[in-house]
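Shared between the two complexes below is subunit A, which has subunit B as its partner in the first and subunit C in the second.
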Partner chain A sequence: MPLPVQLVSNPVLPVTCHAWNADFTQLAFSPNNNEVHIVKFDIKTGAFTKLFVLTEHTHTVTAIDWAPKANRIVSCAQDRNAYVWTYDGTKWNPTLVILRINRAATCVRWSPNEDKFATGSGSRLISVSYFEKENDWWVSKHIKKPIRSTILSLHWHPNNVLIAAGSSDFKIRVFSGWVKEVESKKPEATVWGTKMPFGELMAEFGTSELGGGWVHGVAFSPSGNKLAYVAHDSSIAVIDAENNKAISSIATKDLPYRCVAWLGETNLVAAGHDYAPISFTFNGSLVYGAKIDVPVKKEDKTATAMAKFRTMDTKGTTDSTAVGVEVDSTHQNAISEIRVLNGNTFSTVGNDGQLVIWP
Partner chain B sequence: MADEAEISKSLNQINTESSSLISRGDFLRALQVALNNPAKNSKNQELKDLAANTIVAALSAVKEADIQKIIDALSQDERTQTMKYVYRGMGFGQNCNLLLKWHQALTDKDGVGVIMRTLVDTKV
Partner chain C sequence: MSNTLSGYLKAIRSSLEAAFCVRNFASQVVERHNKPEVEARMSKELLLQPIVIAREKGEKCLIEGSINSVRISIAIKKSDEMEEVLVDRFSRFLAQRAEDFVILRRAPVKGYDVSFLITNFHSEEMKKDKLIDFIIHFMEEVNSEISALKLAVNSRARVVSGTFLRQFV
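Our next item is the complex of A and B:
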C-alpha cells in the first residue's frame, strides 16, 4: 500500500525535487520556490516535522541532492548558482559554488564517492565541481562539446567517473567526468570505453529516427552496464552496453514519463505525467510491466437530493465524477521525481505537493 | 542540394506508385508505400507538402469501415507516422470527418503516446 504524505499544504504547491539523508530519517525538498525545506520524516507513518528552511537561493530551486556518507547537501537553482550545505550540529551552512554558467541550473547529482558533483544547465554544458583545498572553495570544470541544448537530467556511473546526460536536443550522452585533482588513479576500462580524459564523449544516442523528444530522465543500472532513459515522445528505453550498446525501446501508450530509476539490475520504474509509476523489466529486452497504483475510491458526494439538484444546475449532470476535482490515483498531479530508498521501496514527489512512498 | 533532387525524384516515384495502388483498391499497400518516403530528411517545405498530399490522398480514399482493418495491419512505427499525417491532413482542411475517424482508431490502439510522438516531431 503506498503511503501518501501531503508535504505542502496551505497553499498546495508542487514539490519539484527531493532528497533523503543516509538513514532515511530526514528529507530535503523544495516547494517550487527558492527555499529548501528539511524535515524530520518517519517513513513508517509518514509523520514529519519541519526542521529547517534554507533560503540562500534567490530564484526557484531546481534540484537537490544529499550525499549520504559525507552528510552534505547540494542545491542548484534558476539563479545560476549552486550551494553546498554542511551541518555543524545546529544549522546548515551554505558555501557558494562558482559554476560559471550564464543560464539556470537544471539538475545536480553528487558522484558516488561524494568528492565532486555534476550540474546540468540551460547554458548547454555540464559543470563538474570539486573542492580545492588550497583556496578553500569549490571550483568547476565544464563539459561543453557536443551538447547543443539544455541538459535536463544527469546520472553518475558507479565508477565515479562517467556521467550520463539527457538533453533537450533529443540526445543521451555518456561523458567522462574524471577530475585529476580528486581521483587517486586512472579509471579502469568499462563497457563504455577505455580512455576517459575529462569531457570525453564516450557514447551518444538519439531518441528516435522518427523524431524523438527531450530526454527527461537518465539512469545507470547499479552495475553501470545498462543505461535507461525516458523521453518526451512517451518512450522509455534501455541501452545495453554489454550487448554492443543495443537499444531496446518501447513507444508507450501513456503520457511522457519525467523520471526513471532502477530497482536492481532487471527492474525499472518510471513515472511522470500519468500520475502513477509504471514498472518495467529488462532481461535482454525491455518489457512493460504494470501501473503500480491502488485506486483511491472517492466517496459519493452527491448523496442528498439538494446536492443532486445543485450539481444538475451548475454542471448539467448528476454524475459524481463530473463534480469532484480529485482523481482516483494516489498522486493527484504529475510526478516530478523518483528516489530509490532501498530494495524495492521508492518515493515519488509530484505537482500535487505530495510525497508518496511505494513499498 | 543534390539530396533534395534525389528526394524529389523518389517522391515522384512514390506518388505515382501510391496513386496506382489506390486506383486498384489496395489501400494498405498504397499507404505503406507513401509512408516510406524520405521527405523527413529534406529541408524543403514543398517536398514535405508533396509527401503529405500523397499520404492524405491514400488516407482519404479508404472507406470508414476499412480503417480498423488497415490499422491492425500496420506496424507501430507505421501507425505513428500515419498519425502525424492525419494531423497534417487536418491542417489542409479537407476530409476532416474521415481523418477524425482515423484519429479515433489510432488513439484506441496506441493511446495518448502516439499523439505525443506526433507533437514532438519536427520533421514531418
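Our next item is the complex of A and C:
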C-alpha cells in the first residue's frame, strides 16, 4: 500500500525535487520556490516536522542531492547558482559553487564517492565540480562538446567516472567526468570504453530514427552495465553495454514519463504524466510490467436535492462530474522525481505537493 | 450536424491530453528568464510539431505544443456576414478580459478567432483534466452561443422595425 504524505499544503504547491539522508530519517525538498526545506521524516507513519528552511537561492530550486556518507547537500536553481550545504551540528551552512554557467541549472548529482558532483544546465554544458582546498570553494570543469541543448537529466556510473546525460536535443550521452585533482588513479576499463579523459564522449544514442523526444530521465543500473532512459515520445529504453550497446526500447501507450530508476539489476520503475509509476523488467529485452497504484476510492456523493441546487448555484451546472476534482490515483498531478530508498521501496514527488512512498 | 462534432471534439481531447505534458523549463537563450517557449519560439528543438484538426473549412483547431507551454487556437464557423460580425464581437469581448481569464491569449493567432495559452505554471495550479474539459466545453458551447446571438439580433430587428412602422399604420 502506498503511503501518501501531503508535504506542501496551504497553498498546495508542487514539490520539484527531493533527496533523502543516509538513514532515511530526514528529507530535503523544494516546494516550487527558491527555498530548500529539510524535515524530519518518519517513513513508517509519514509524519514530518520542519527542521530547517534554507534560503540562499533567488530563483526556483530545480534539483537537490544529499550525499549520504559525507552528509552534504547540493542544491541548484534557475538563478545559475549551486550551493553545497554542510551541517555543523546546529544549522546548515552554504558554500558557493563557482559553476561558471550563464543559464539556469537543471539537475545535480553527487558522484558515488561524494568527492565531486555534476550539474546539468541550460548553457548546453555539464559542470563537474570538486572542492579546492586552497581557496575554500568548489570549482568546476565543463563538458561542452557535442551537447546542443539544455541538459534535462544526469546520472553517475558506480565507477565514479562516467556520467550519463539526457538532453532536450533528443540524445543520451555518456561522458567521462574523470577529474585528476580528486582521483587517485586512472579508471579501469569498463564496457563503455577504455580511455576516459575528462569530457570524452564515450557513447551517444538517439531516441528514435524518426526524431525522438526530449530525454527526461536517465539511470545507470547498479552495476553500471545497463543504461535506461525515458523520453517525451512516451518511450522507455535500456541500452545493454555488455551486449554491444544494443538498445531495447518500448513505445508505450501512456503519457510521457518524467523519471526512471532501477530497483536492482532487472527491475525498473518509471513515472510521469500519467500520475502513477509503472514497473518494467529487463532480461535481455525490456518488458512492460504493470501500473503500480491502488486507486483511491472516491466517496460516493449522493445526489441530494440540496447538493444539486448548491452546485447549480456555485458552478452553474448540475453535472456531478463537473464538481469533483479528485483523480482516482494516489498522485493527483504529474510525478516529477523518483528516489530509490532500499530494495524495492521508492518514493515519488509530484506537482500535487505529495510525497508517496511505495513499498 | 452533431455526429461530426463529437468525433471532432474527441480528436481534440486526445491531442490536448498529449500536448499538455509540460514541465518547468528556464529559458536557454535569456538568462534568469522563464518564458513560454511556444510564444518565444527561439529554440527549434523545444517546439513540437503543430497539428490542425479541422471539422470543415471554416471550423478548425490548431494545437501548438512545446516543452513548457501549449497554444490552442480555435476558428469558429461563420456561415454568413452576420455571424462574422457576431464572432468578431464575441471574441473581442473575451480577449479584452483575458487577464481575468488566466489561460486566454489577448490576441488570437492569425487565421483563428480565439487562442488559449497554457503554461506549466497553469498546469501546476489547475488540474490538467479540468482544463481540457473546459476547452472542450467551450468549443461545444460557442457554436450554440453564436446561433443564440444571431436569433436575438434577428428577433430584435423584427421588434424594432414593427414598432417603428406602426406609427405609419
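Note that in this section the second predicted complex is superposed on the first by the 342 of 359 C-alpha atoms of A that agree within 3 Å, B and C clash if a C-alpha of one lies under 4 Å from a C-alpha of the other, contacts with A are read in each partner's own complex, and residues count from 1 in each chain.
Assume a residue touches a chain if its C-beta (ideal position, glycine included) is under 8 Å from a C-beta of that chain, and two chains touch if they have at least 3 such contacts.
Remember, it's a predicted structure, so these values are computed and weren't measured experimentally.
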Which superposed partner A:L255 touches (first subunit B, second subunit C, both, neither): both
First, second, both or neither for A:S149, with subunit B first and subunit C second: second
First, second, both or neither for A:S347, with subunit B first and subunit C second: neither
Which of subunit B and subunit C A:N81 touches, first, second, both or neither: neither
Contacts of A:H232 with subunit B and subunit C, given as first, second, both or neither: both
First, second, both or neither for A:T60, with subunit B first and subunit C second: second
Partner chain in contact with A:N34 - subunit B first, subunit C second, else both or neither: neither
Subunit B or subunit C, by number of subunit A residues touched: C
Common ground on subunit A, meaning residues reached by subunit C in one complex and by subunit B in the other: 214, 232, 255-256
Footprint of subunit A on subunit B - complex, ascending: 76-77, 80-81, 110-114, 116-117, 120-124
Complex contacts: residues of subunit A adjacent to subunit B: 208, 210-214, 232-235, 251-256
Subunit A partner contacts - residues on subunit C that touch it in the complex: 17-18, 20-21, 23-28, 31-32, 34, 43, 45-46, 67, 123-124, 127-130, 133
Contact footprint of subunit C on subunit A as seen in their complex: 13-14, 16, 32, 59-60, 62, 78-80, 102-104, 106, 122-124, 148-150, 168-170, 214, 216, 232, 255-256, 258, 272-273, 322, 325, 327, 332-334, 336, 351
